[in-house]
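The same chain A turns up in both complexes below, where it pairs with chain B and then with chain C.
Showing the complex of A and B:
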């Protein structure tokens, strides 16, 4: 009576739920996904090739344009990777300021994730609440470096300038009210019946699958693996910070939501420690105006809001530009898991899965 | 009336045999300067360089001494004052915070263990900038990855990153492929490296580490290295019909249809004016419209 055949549809590349120009080719049996193929490359700009033809100082500008939601994390990875290549030790005050800004950026990134993820699933209100706090954070970045998103916040060897007057006061004002804001989001979502119906048990990815597929960040921690690069391979001033690594055993979308909210509280804690223990001293190491590298290769991973962000540099003798630059983008590797998470599930869960992976196409396509 | 066929007329060009491929090497503004050195970090090369530099320094010093002896003998014979004895140059110390990380001997237990388990398959092990590097033979990469993953004292469960570099100046290889392994349980990192010549098809890491799937596709897309036993060896970032491999060193950074004049070289504005005139002859108005 009814014709029974599989249907192939395209989700994207302009679908608003795909957070950019992601195209997902889906094969559907009714409403069940039988095959899911993410297709990427619509935003490919050749950042790696461009950075091979620019000096180490100029290349940092491109890192803003990869994960544009968390550009300060990208700046940190670039700056520290280059410093590792040259063997530069950054002053302690610069490390603290870097840590503080990176954590504030993590908050901004998680807030954007929360807003858009909730919006995808159908909760409009959280969007407005989360953007209110994110706006304040972006204003802080603007006060520090003059830009809200494309920050280029750090310099190789430290910072260009010290914190502007009043920055600590504004940050403290944010600190004082932010915990109450997280409670507000939790009030709206954590026990919300519709939210739980859409997220509990959806898009599961076990710890073994996560590790096999290279998935890192909150997705891995929501599968019960306490792997955080800030703790495992401490960079910046994270070795001196006291924080916990939140994990959940359920490995579903709801667990990832809880992990990210707990992470926001931990970031708040780290920022407070940076404000309280901010050391005095210079913010820039003594380095020559023109950096000439030796033959060396480094891979420097940091914990970006989305997962492990790695910069791979190859330097040549006397070169002012990297011989080879490669970015291990967390979203690129995490997106591989989308097929595993959605095959055999409902079409509506694909949207939740894309949201919970927290992908940014700017760093996937590079 | 038709013209008789002119025997001097050139013959019609032959139809191209294959598909049209733009010869970017022939275009003057797309000429690329290929690297002349092979910046492949290696302890052996570094030690050889250091020894050569020391030998050159010593030879220079011996020559200075010999020259001094000759000058002294000459001065004595002529009855003049003896010349000043030479002073050995001390390398200048830079007053900055740069501590260049040189490669050092492998002392790490993981590297020694790998060397013991893989035996002759290991070409080189060393440490540099706090990172452990193990270079293995290109045919043995799957075996090395298997040992790293399954050996209980190593336990590198995750392939964090895989990438490749093009070395056109090297003689016996063209690419280096690096595998960045992470041990989540032990908080350790390791870099495996293989050197492959042009056209060599290394084994895919996908059967051991499924995360290699997209990374190897990206390497194929960007550098043109194919991997054997890969489930889906297609381009990933560029379109399927893209010509060339962008991250090879001979690939130009200036694309088709981009301007032929580099205005950064044009301090006096001469080229700019010429371009404006040329555009005007072609009927294109490049000048800024003036507000009335």
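Showing the complex of A and C:
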């Protein structure tokens, strides 16, 4: 009597909640999602190929433009990867400063995630509260390197310059008030009935599925797997830092929310240790003007805010540019889980799932 | 306050009616833009930002010279807290002058009709709302045709006023559903379906929660009900319990009926772009916008009249503890009514800035699993109090 057919709609690439230019093709039966296909590539610039045609010094500029909300993490991965390739030892002070900036960047990235995730679910006030703190962090980055978003913060072998005067003081001022700010977000969300209804049990992804799909970062840790590269393969100054790896067993959106908030508190702890234990000394190692590589290959993973960010370099004999460069971008790998998380669920859960995966399209499309 | 029956000729009745309609319309057309301004400002301040600031607070424009002088004297311009107020004029101008696009594949007739239905339903309701149950003032003797006659605080005194209001308010959903369907587009369709399901579901607990004051007052007349419920004459002291529960149920349903946060699913922008009005532009969109805000005012006015003691000071029939002889506080006043309406409107904005949005199935759960049983129990309590004591 009635014709029953499924509706196909496009979420994006221009859509308020797909965070950039993600396009998700959905088949809907009423409000229930029967099929969910993420379609990517709208921001593809060929970063990997470009980097193969630029020197090791120039390439870092392109890493800013991959995960643009956590560019310092990307810079760290590039700089350390190249240093590993050439066997350069970085001064201890530079390592500490790198660690501090990367953690501050992790806070900025998580704040942006919290803001947009809450906004997607409808809590608009958290958005502005989180941006207030992120603004302060961006000001710190600006003081350090002159740029707020595309930082190119580090140099191969260390840092271009030492911290500017007053940087430690401003960082400490931020440290002093930030924990209260996290409490403020938690007050608005953690015990909020509607927030819990929208997130508890939504977009579940078990530890087995996470590992099978290669999902890393907070999504994996919220499934109960305490895998954190800062602990598993310590880089920068993380080996000297005292911090915990927050995990939750529930593997749902709410667990990821709690894990990320706990991570913010841990980042705060690491920054404090960096400020307190900042060693004196040079910030730049002695390196030649032109780096010429041997035949060599290197894979260097770091813990970016979104998950495992790996740089793979292949050097050729006497080359000033990488013979091959590849990035294992966490957002790209994590996005695979979207279909698994959402099929059979409701339309509104797709929005929550995109938010909880915390994808950045610059990194996915590269 | 007794209302004397005054003999009026047919012409006088018609002119008087027209006059009142014009006054009410103007009042609503002033309140809606003020409400949008308040929304910007209230939400702005809750979110530690300033809200609209672009107009009337700067160094240029009509108010520029005054602001410059005040800044140079080291004072914050007195308009600075109201900066952005004239933005509602700009908003209205923009809506009116914007190109009115009808999508090529849309059903032209229904597409045009939908916003008209919405706005008519929203404004028609004001015909039966008594914003002051009695004579507000007498028109001056020199007034043509109707000079010297009383100006009453309601347009018509319908004896089944509440029924009229509920009936007309539920027509409003047709505007949304038809508009969504006629757009012939996917996001509006989803928005329209959500809206239909939502409003039909919430109509039930809304109506049942309003039955409590009807039962207690024994009348459907807006004016009589509001006077009786406010003064508490003939009400059992325990009647405050069902009224109190009923108020919160009614307010919750009112949020859903007006598609406000946390029930703003039909226009959930992060899911459905703009929901049912995605394809609308210009003044057609403006009509939906007007209707939404007019509906908010109606919901606030109803909550005020039936639960919060209307034009008297104290809510839930507590007014009986203030003798009528007390000046001002014991007397009915339009100011009390307006104040309470403004407070509920503020709650609308406050909630919008605080709460996330429900999911579709959870929304239905709230209506059918929690609110409906609660209202039924509440109605039972009210009936018990009315007839057993």
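Points worth noting:
By definition in this document, the second predicted complex is superposed on the first by the 364 of 366 C-alpha atoms of A that agree within 3 Å, B and C clash if a C-alpha of one lies under 4 Å from a C-alpha of the other, contacts with A are read in each partner's own complex, and residues count from 1 in each chain.
In the analysis below, a residue touches a chain if its C-beta (ideal position, glycine included) is under 8 Å from a C-beta of that chain, and two chains touch if they have at least 3 such contacts.
These figures come from a predicted structure and were not determined experimentally.
Once the complexes are laid over each other on chain A, chain B and chain C both fit without any clash. Legend: residue contacts after superposition of the two complexes on their common chain; A:124 is shown touching chain C, with no touch to chain B. Residue contacts after overlaying the shared chain place A:233 against chain B, while chain C stays out of touching range. Touch criterion met: A:50 reaches chain B, while chain C stays clear of it. After overlaying the two complexes on the shared chain, residue contacts for A:197 are found with chain C alone; chain B is out of touch. Contacts of A:9 after superposition on the shared chain: chain C is touched, whereas chain B is not.
After overlaying the two complexes on the shared chain, residue contacts for A:213 are found with chain B alone; chain C is out of touch.
Taking the C-alpha centre of chain A as the vertex, the lines to the centres of chain B and chain C open to an angle of 140 degrees, rounded to the nearest 10. Note on chain A: of its two partners chain C and chain B, the one contacting more of its residues is B. By the document's definition of touching, neither partner reaches A:136: not chain B, not chain C. After superposing both complexes on chain A, the closest C-alpha pair between chain B and chain C lies 25 Å apart.
Overlap of the chain B and chain C contact sets on chain A: empty, with no shared residue. For chain B in complex with chain A, the residues that touch the partner chain are 35, 37, 39-41, 45-46, 94-102, 128-131, 133, 157-161, 163, 165-166, 178, 180, 182, 184, 187, 189, 191, 209-211, 213-215, 218, 222, 235-239, 246-247, 251, 253.
Across the interface of their complex, chain C is touched by residues 7, 9, 15-17, 28, 30-31, 118-125, 127-129, 132, 188-189, 192, 194-195, 197-198, 346-349, 351 of chain A. By the touch criterion stated above, chain C contacts chain A in their complex at residues 43, 46-49, 186-187, 189-190, 193-194, 261-262, 264, 268-271, 273, 352-362. Those residues of chain A lying in contact with chain B across their complex are 40-41, 44, 46, 48-50, 52-53, 84-89, 157, 211-216, 225, 227, 232-233, 285-288, 294-299, 301, 308, 310, 312, 314-317, 319, 323-324, 326, 328, 332-333, 335-336, 365-366.
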